[in-house]
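Quick one: structure below, then a few questions.
In order of appearance the chains are A, B, C, D, E and F, and numbering begins at 1 in each one.
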Amino acid sequence: MAQSRFPLTEPDELPADLRERVGEIARRSGFVPNIFRALGHRPAELRAFLDYHDALMNRDGGLSKAERELVVVATSGANHCLYCIVAHGAILRIRSKDPHLADQVAANPWQAPLGERQRAIADLALALARTPERFGDADIARARAAGLTDDEIWDVGAITALFAASNRLAHLAALQPNPEFYPMGRG
Amino acid sequence: MAQSRFPLTEPDELPADLRERVGEIARRSGFVPNIFRALGHRPAELRAFLDYHDALMNRDGGLSKAERELVVVATSGANHCLYCIVAHGAILRIRSKDPHLADQVAANPWQAPLGERQRAIADLALALARTPERFGDADIARARAAGLTDDEIWDVGAITALFAASNRLAHLAALQPNPEFYPMGRG
Amino acid sequence: MAQSRFPLTEPDELPADLRERVGEIARRSGFVPNIFRALGHRPAELRAFLDYHDALMNRDGGLSKAERELVVVATSGANHCLYCIVAHGAILRIRSKDPHLADQVAANPWQAPLGERQRAIADLALALARTPERFGDADIARARAAGLTDDEIWDVGAITALFAASNRLAHLAALQPNPEFYPMGRG
Amino acid sequence: MAQSRFPLTEPDELPADLRERVGEIARRSGFVPNIFRALGHRPAELRAFLDYHDALMNRDGGLSKAERELVVVATSGANHCLYCIVAHGAILRIRSKDPHLADQVAANPWQAPLGERQRAIADLALALARTPERFGDADIARARAAGLTDDEIWDVGAITALFAASNRLAHLAALQPNPEFYPMGRG
Amino acid sequence: MAQSRFPLTEPDELPADLRERVGEIARRSGFVPNIFRALGHRPAELRAFLDYHDALMNRDGGLSKAERELVVVATSGANHCLYCIVAHGAILRIRSKDPHLADQVAANPWQAPLGERQRAIADLALALARTPERFGDADIARARAAGLTDDEIWDVGAITALFAASNRLAHLAALQPNPEFYPMGRG
Amino acid sequence: MAQSRFPLTEPDELPADLRERVGEIARRSGFVPNIFRALGHRPAELRAFLDYHDALMNRDGGLSKAERELVVVATSGANHCLYCIVAHGAILRIRSKDPHLADQVAANPWQAPLGERQRAIADLALALARTPERFGDADIARARAAGLTDDEIWDVGAITALFAASNRLAHLAALQPNPEFYPMGRG
């Protein structure tokens, strides 16, 4: 089974800055996540993607790291994106220290059993993910009523937006998750 | 009527590189497109967004400039994104030298009267835009049958992905188009 | 590009009463709107269509002229009907003296920025336009809560109904708007 | 249970021409179909509706009378319109001399067991009824391949359009069928 | 027209217990309902189906017999299942002593005119029938607010579940109702 | 977090035959799957459910055991049923000896990478699972073209039907999977 519909690029074929950057990820993970191999044939796009990802996912303040992964897994579940469910499901398991949460959210993001704040985060993300044309003041009001700040609301919306892109890149390429992701964080 | 649900940032409030970059766009356009004012409160995200945009929309080779805007207007029409329809509709009118094409595509991207190659581009974009989980080999095969190369297919898919994000950012902010965009390129 | 899938009929090929009636519209507009050329091969249907249109759109009392066009543009936007969006968008620009309202409503009728009464009118129309089987007492109650009278509610519903037909006739014929409509009322 | 959300008008409250016309229908049917009582508070609309109906349903040539009712019941089934299903189901039973056809088509218009020509008629109507923005050349081509002439295709499309309006008027009013319709033509 | 896509089994071809059981139904009804002839080629499945059906539909306590048939007709209407609409519509007419209720519910289960308790039963069933992934605490709360006990809620949900299966078996087989069902209970 | 919205029943509270039967499953699994605890308050329904399940899933001939679980996981994925995805995902991993297949199918049943026969099985199941009213001769023909026999087609359809019920029972109860299921068969 092919890992992508398009040619894969190994880190040592990348420009120096990306080779360094993806290499660092590979050292930490123990493998090169396939998304980087799949985007590598377009270095400028890979670089912008990494910058956007880091700006949202590694930013100080706002949502917790686990909450950001919750947004990713909820929207990827709603978009049926295998790569993002499996890769970010692994990260969510690690960040939340909960071995079941990612499977619960990916299987049914609308009804997964979550606390009130987490449910508000997931609902806000889902409202924007699938029928963005209906997203409106009522969605914002519900999020604020659950205690989300405007800064946190932007985090949820912007992460949802980035993974709307990321999910579609994975669907475009029929991207397969690295086998290492499946068992990660299952304890 | 508010132009965004979140605070707007003027170019002179931006970090130097972005001030320069957005300033250059403003000089060419005659005004600061609201998307940059809306993203400016998060400079790292604005920078990555601009980089991703330029990597895909200004890249040498692949789709023509007008074809790239066709992808943007088709997917923004399907996503009912006012800002992107009006702003990129203006650009499409200019790039295609056709004063009606953008309105035709935005109103009904699935059935707008297009030539065979343009129809294949729009159909590929639409397949990925709204129900990405159904995107499959049959969509790729139809694009190839219409003569699209794999490089062009990636262009269509990646632009669709970027504007899946961009549309959602605009919906998140209830972003309004600058009034200057509406009449541009109408002859 | 063909203007219709079916033969067009010029005013001087019509029965006398319709020739007179369509001629009067053409004199006022400066051109023969394509919908009349497209329906002309079936004079009895064209006559009934004109009668129904005039009964609803020119009636004394009830919704203002601009509000009636708002219903038309909102439902035509939801139905992705190019002809009706462009032709009635032009009329809405003229009636509302707002050069941007029609584009805003056509692009996203569900979330276009409108005053409370106009939003209630649009929401009532949209509820009936796309999933009429779910239309119920709650929709009526929301309209009344926004101050709409029963006579106005009927106006909204009946105009929505007429343009459910009109949109489908345009889709049946792949009807193209006259080029004159695109720039009208843009100031 | 109310028969309509809006006031009903009895034939003797109608203008003379409509009193005559609805009276004639009542004499033939043995009762006043509720649609006429429901539209009667707006005589100009009722008159146009009757004219449009007669132009399409009583026209010489084109589809057979039973085929026209097939279009009505198929689209009314897809739109879940109780009044039109029951009233036109009765007429379809009579016109087709088949006591079960109307129930079969109303219950599942997409898969009701029909001959090839009838299936093509129903499919064409259904394509236009629910997602008119997707209606395209492929739908026309399938209808022609099944032997439908362009005149018959217009009949199917125009009847579908008229009942898109009619169904919505019935949903607007929560219109109830006269009890006489239910058992008619059941043998 | 075939009554099923798969071979039919007559009662005397069934194992003794099923021959007896289906025979008893046939004696009471005056004919062998086609569902039993359609499932008979798999006796173990037919037996389990009958047991499940009887456990839910003939159970003491909980919903009334007419209310159980209301659930069946509402969900079968939403699922467009001809066999179940016609067969259980007949039973609902008999159980409710209302010759019109079944047609009203089958045509538009979401808006059929029902009393408050019946509406709550139908709404609960419909929430689970078509988009079960969205079914949640709010649906349960609405049912309880209308006075349904938890035991009655289970009845509604479990009957909806059984007929989710039953409808799909009928669609799988393109199962046709026995002609005897159509006029039953119409008075 | 509650494991069900309704009271749970332990095996020793069940009638003797069910206590024996569920006990046997618990002995083989090492735990009592929650579905049996959730259905136990209605022993007749639990008994029929078990009989139906065994008739389809343990039957000799027809689909392989892994193929039957493929149908279950594909339809449960499409229905977003957490309990069935996790519980039957575990069984699919064991039956298929593939640690990733269940996650692939559950995440995106429409596009999971499968061999031709497995894809035909999944597509047939999915066609019936979500929009059964559109299921038709074309679906049957595609399955036959991929080599499925009518007996196998019935297996696919009947398992899809049973899990349409099973998924809805789990959604009704907000049923949580036993923690033991999550890591099973992951190697």
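Here, a contact is a pair of C-beta atoms (placed from the backbone, for glycine too) under 8 Å apart; a residue touches a chain by one contact, two chains touch by 3 or more.
Source: prediction; values computed, not measured.
**Q** Is the contact between chain D and chain E built from the same residue numbers on each copy (over half shared) or from different ones (under half shared)?
**A** Copies use mostly the same positions to touch.
**Q** Need the most distant chain from chain D, centre defined as the mean of C-alpha atoms.
**A** Centroid comparison gives A as the farthest chain from chain D.
**Q** Could you work out how far the Cα centre of chain A sits from that of chain B, in whole Å?
**A** Computed value for the inter-centroid distance: 22 Å.
**Q** Any idea how many Å lie between the Cα centroids of chain D and chain F?
**A** That pair's centroid distance is 43 Å.
**Q** Mark out which residues of chain B touch at least two other chains, giving numbers and ranges.
**A** 80-81, 108, 110-111, 133, 135-136, 171, 174
**Q** Over in the complex, which chain A residues touch chain B? Could you list them?
**A** Touching chain B: residues 5-6, 42, 44-45, 47-49, 51-52, 54-56, 59, 79-81, 128-129, 132-133, 135-137, 140, 150, 153-154, 157-158, 160-162, 164-169, 171-172, 174 of chain A.
**Q** Looking at the complex, which residues from chain C come into contact with chain A?
**A** Interface residues on chain C, with respect to chain A: 108, 110-111.
**Q** Show me the residue ranges of chain F that touch chain D in the complex, using the header's touch definition.
**A** 133-136
**Q** Give the list of chain F residues in touch with chain A in this complex.
**A** Result: residues 1, 77, 80-82, 85-86, 99-100, 103-104, 106-108, 110-113, 171, 174, 176, 179, 182-183, 186-187 of chain F touch chain A.
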